[in-house]
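Before any comments, here is the structure.
Going by the order they are written in, the chains are A, B, C, D and E; count residues from 1 in each one.
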Amino acid sequence: MSLLELHDLTASYGASQALFGVSLEIAEGEVLALMGRNGMGKSTTVRCLCGMMAAGGVRRFAGQDIGKLPSHKVARLGIGLVPEGRRCFRDLTVTENLIAAARPGPWDQARVEALFPRLAERRTQISGTLSGGEQQMLAIGRALMTNPRLLVLDEATEGLAPLVRQEIWDALGVLKRESGLSILVVDKALAELAQVADRAVILERGRSVWDGVFAEVKGEVAERYLGV
Amino acid sequence: MTPILIAEQVLNGLQSGVMLFLMAAGLTLIFGVMGLINLAHGSLYMVGAFAAAATAAVTGSFLLALVAALAAAAAAGALVERLVIRRLYDRDHLDQVLATFALILIFSEGTRWIFGSFPLYLDIPEALSGPVTLPGGIQYPLYRLFIIGMGLVVAALLFWLIARTRLGIRIRAGENDREMIAALGVDIARLYTLVFALGAALAGLAGALVGAIQSVQVGMGEPVLILAFVVIVIGGIGSIEGALVGAILVGLTDTLGGIFLPQIFGLFMDPAAATQTGAALASMAIYVLMAAVLVWKPTGLFGAKS
Amino acid sequence: MTEAILETRGLVKTYGALRASDGITLDLRPGEIHAVIGPNGAGKSTMIKQLSGNIAPDEGTVHFLGKDVTGLSTMARARMGLARTFQVSALAMEDTVLQNAVLGALGATSSPYRFFRPALKRAELRDRAMAALERMGLAGHAATVVSELSHGQRRQLEVAVALTLQPRAFLMDEPMAGLGGEGSQQLTSILDRLRAEAPILLIEHDMDAVFALADRISVLVYGRIVATGTVDEIRRSPEVRDAYLGDAE
Amino acid sequence: EVKVGLITTLSGGGAGLGIDTRDGFMLAVEEAGRDDLEVVVEDDQQKPDVAVQIADRMIQSDKVDLLTGIVWSNLAMAVVPSATAQGLFYLSTNAAPAQLAGKGCNPNYFSVSYQNDNLHEAAGAYATSADFKKTFILAPNYPAGKDSLNGFKRFFKGELAGEIYTKLGQTDYAAEIAQIRASGADSVFFFLPGGMGISFLKQYADSGVDLPLVGPAFSFDQNILQAVGDAALGVKNTSQWNKDLENESNAHFVEAYLAKYDRLPSLYSAQGYDTALLLLSAMDKADISDKDAFRAALEAADFASVRGEFKFSASHHPIQDIYVREVIKEGDILTNKIVGTAIEDRGHAYEDECKM
Amino acid sequence: MSRERLLGAVVLLALGLVPLAAHLMGEPFTITLATRAAILALAAVGLNIALGLGGLVSLGHATFFGIGGYAMGILASHVQNYEPMFEWPVLFEGSTSMPVIWLVAVLASALVALLIGLLALRTSGVYFIMITLAFGQMFYFFSISWSRYGGEDGMSIYVRNGFPGLNTLDPIQFFGLCYAVLCLVLLGAHLLARSPFGLALGAARQSPDRVQAVGLDPKRLRLVGFVISGAITGLAGALFADLNRFVSPTMFSWQTSGEIMVFIILGGVGRLFGPVVGAAVFVMLEHWLGDMSEYWHIWLGVLLLAVVLFARGGLVGLIAGRERAHD
């Protein structure tokens, strides 16, 4: 059975509709890449699935209808979000950011700091003054600290140095193998996605237009939907 | 002017500072930490005082009066939060100004409607009344010492709550990005109701405690409101230590300015004119202090953000 | 060797115990794209902010067009022709694309203290703004409000606003961030043409773009420049591989 | 047919005084039961510009002949000069600032209450007669406060132990009380109207300073006393009226007021009542359309004042006795009792400046 | 014409026509009310330049309102009392001529706005709100104890000041004057918002970093905006004093600042006609509700609450749609 199931999602910002029918499913332990050009609705889909936006269509997580739940209840069912643009709590220290929403489980501060040693060095720094990449690490660490069943990463490697980016992809690989965490990842780096993603869904103008095994995202498909 | 009198006036300044902190404590939570401009805070202070006075009149017990003040203000706060404030967190400050301005009107006239137009009676409990003699021979009202004690206790509790507990971290996180903390699984809406009610309860407590030595009347909250804003802004928004330091600075400036400025002018003016000029300047002193602090440190003494 | 357009010597900036810039010496020559790469938190943005005048260095100097500008404000440097894009888009979100571009033109051409005739009706401002928008492919969106643009379009607008200044040098902090493959390719070709007009100091984590564009690369680690060289030199350097690149590319 | 505009404070913190004024005034109007008298009542919110706006409206739209009711001097100063300049009568139920008594006096302006300095002067006279040698005096730093201290000093023969102007609206008096304690005074005169007085009295009582207090009636008025509580017991204060004044009109007034409103009348109620009586007496004698005749009828002051005898000076201010009262307890209720007369037949200090 | 402009035109026209009708029907008080609304709207138009365009939430605009009022009070009282203001270097007796008073009011409030702005603009956000409040309070307490000019009693000017060619004592003529000033200032504000300065000031509100990066100084832009804003509110203060023929420290009180701000929020922040709609509605509510019940403040409060909660973008936003105009 799928862990997450979105069916025919529609959503609007005020008068302008952004999603016109997005459907996707993620099975337990699966890594799904959500792809598409700029402005096609990837982040909007993420917002809908986290309950941050009203939407039409069906949203189910772990067998439960989450369509009407407020976002904090959705999150507590086990969705950990790394949002577009990082959105660290800028007046809080690094440690405070990490523990603010932490829930018990295998991920704790020590483990996050082992993943990102830079965060350990900066524990008491106010997060608003961190460098861009450091903030990105913090956002990922913060999501992991909620010990989710489904980790949602929206452009989580943006602005990271190649080495760190590589480490994160490696870490995702490990997560997937060892803890059976399901992951929804929005990213633009095809090559790196290939290391972890099982399947891909591609959006175009607010619709899911392609769904399949990740390995097939190449050649004509990539050309047509992603422009590469 | 004897040294003992000077010492006594300094003590008065400190005392008035701590009393100010007590009055500002609730606002520190609501304005300082939650970042909400709540002009109706003075009204909650008034609600506390009136609830205390009414309860004391019926039961004769000061303790019950305090409990009633806490309960009434907290209930009013929670109600206001759920009905009005909740819809305003993601709006800009201006909408909060208008809405809470409207709440002042409703609270003030509502109180007058229920309790009538005349001041109410609320007095210090027997056990705490009268002066005690401090080392150095200063006679000091016991009740004021009690208020200092309460103020410091509240300061310590607040500091602990905000800086040291996860609840405090979450509130501050919510102020930075409400949507995000909710998306991470924190029921920020309920938390904010709780904090708002707590802030309101503190306002009510201050209203009752201070009301016992002042006049319990409609409109008593507005001067306090302005002072409380001054205190928090001087200290730096979001900082409890800042609010305490700010309160004490304001208390000292106000008290000592009121006493010493006329005397300074008396050195070269005739007494009546000196006391007038001195008093005029003294009444502006805390605002001059606030402007000076902000010009020097644009985010207050302990504030980091703007 | 041609005279450097922008040059900094011995730049130091500390935050408490942290030396975010630790004696940076670097120059930007006419017609080149000089990329600065380095791990997160190495101090790249901090360096850009000192070059643009947002923060003052503790030590060291900045020269622009042969003049010591260390003590000058951001505004003064911008008026001399130093244009910058931000790591996080900084635009007037409630205004239209055109208004944002006109703002740039306003800074470049005239005093803003004119109170009557509408800014958008002033041909000199409007033409300049439209020209920049056209070059960035945003002319069709001139009337769109910025908050309705997608992330990528905003990045393009950032560059367009900088263009209206007709600058003598560009400082760009991660302009590719958030752009898709296609978007990056477009921007890469735009920057490629732009260098003829004014040299670019480019901070970027997108190695495809850096390797495609840079004439020179400097590597910044812990506030220090550890290597400067051509693309090939840097690619081959084992230190850089260890500190930064990993086995990317 | 006479149309009266009664502008007074009916909302906000100062509403109590306005409500008493209105209730006193309306009691007399209703008792008279005349159908050629119409009263329009409006709330000034204790804001000068609102008062001006209401006065404009009453004059322009309601076409009133006469205005009355304002409690506060600053509001009176905003309304009275332009109203009288437009030929309207103004009968003051309370506020009577020096300007309107002296240089700015006007044939159409009558103060039925007093001149603002009167009660303070009486307090000074009482302090002298009580043989106080060194008095500490304090008042808020605004014109009425200054007039108050000057009024006191005018009749006080002793020495001043200190003189303090406090902030208007101040609520904490710890510092002032410390000054008083240290000053070696043998008595204290204070003028702190409204909530300021309540705060001061409570804090003074709790401070252990035990010097006798004197003040004008305002801080000891019927409705405020209950809020001050026992802290006020025994304090001497000055007033031109009290509910125990022995005359027929007063006895009737106190009883009728209590019956109608279920509370004891205050000074403001009494002043409102007297003002209405004055107006009614003038209506009996003259038609208001004949301004001169009506003015003469007002000047005659031919009415049964709750203060007993009543007459106007040339500047249209009362010449009256001012009493010393003491705060006592009647059962559970705090109230005042007359214990002596401070000054007899007092007019005011600005009479000579009034040229009319 | 956009809906917003249509609405603005209707409101402005109504504000002009109602007093005219009242004049014909012989109801001078309605004219007085309309004059009050026009003057308060003018004060709010002033604040709206700082607040709506520049994002400078000033809770101290009563300072300028009061300065305008006192400019009138002081100049006129000297003439009224035959005491020259100063005799050196030239004899100046004060003035009862509105143009002179207006000039003094505008210059004085602009100067004070410049000084306050220089200090206050070092701060931002909530701190700016509070520091402007602090300056307002200083002026308030100063005016209360400044006995030379009436202290808390204020000053009465028995005869309204004159304007060449008009009988200002006639309500409709005085209204016409205030209305004309309001229309002129509205036109100015409209042009200002679109001018290069308006564009730059608006951008300085939204993204000061960007403004700096194109070589403009956001602080100076804000300062100029604040001065213009203060000067207009000062002018309104002078007119208000003349309407009441009275000035007092309440003009300086924080409640006055709050009310001016309430007009704007009620009408719609940053919208040209927001202040006009807000002030007019507020004055009408005050007038009608005052007749309804002794506790009318409660109803006023409830109505204001309803507007904040259900009409985003104020009344103008409610009627004309949420988006601000873009062209």
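Operating definition for what follows: a residue touches a chain if its C-beta (ideal position, glycine included) is under 8 Å from a C-beta of that chain, and two chains touch if they have at least 3 such contacts.
Note that the structure is a prediction, hence the values are computed from the model and not measured.
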| item | value |
| --- | --- |
| For chain E, the least number of touch steps when starting out from chain A | 2 |
| Chains touching both chain B and chain E, listed by label | D |
| Taking each chain's C-alpha mean as its centre, the one farthest from chain E | A |
| Chain at maximum distance from chain C, centres defined as averaged CA atoms | D |
| CA centroid of chain D to CA centroid of chain E, Å | 36 |
| Chain centre separation in whole Å, for chain E relative to chain C (CA means) | 43 |
| Rounded Å distance, chain C centre to chain D centre (Cα mean) | 74 |
| Two or more partner chains touched - positions in chain D | 11, 141, 146, 165, 167-168 |
| Of all residues in chain C, the ones touching two or more other chains | none |
| In chain B, residues with contacts to at least two other chains | 108-109, 112, 276, 279-280, 283 |
| Each pair of chains that touches, named by its two labels | A-B, A-C, B-D, B-E, C-E, D-E |
| Chain B to chain E touching residues, read off their complex | 31, 35, 37, 39, 84, 87-88, 91, 93-95, 97-99, 101-106, 108-110, 112-113, 226, 229-230, 233, 237, 276, 279-280, 283-284, 287-288, 290-291, 294-295, 298-300, 303, 306 |
| Interface residues, chain C side, partner chain A - complex | 15, 37-45, 87-88, 148, 150-153, 174, 177-183, 185, 205, 207, 243-249 |
| Residue numbers on chain B that touch chain A, as the complex places them | 166, 169-170, 172-173, 175-177, 179-189, 238, 304-305 |
| Touch list for chain D against partner chain E, complex | 10-11, 42-43, 47-49, 52-53, 56-57, 60-61, 73-74, 77-78, 81-82, 85, 97, 99, 141-144, 146, 165, 167-168 |
| Chain D-touching residues of chain B, taken from the complex the two chains share | 1-2, 5, 8-9, 12-13, 15-16, 19, 108-109, 112, 116-121, 123-124, 129-131, 139, 141, 143-144, 212-220, 223, 255, 258-259, 262, 271-272, 275-276, 278-280, 282-283 |
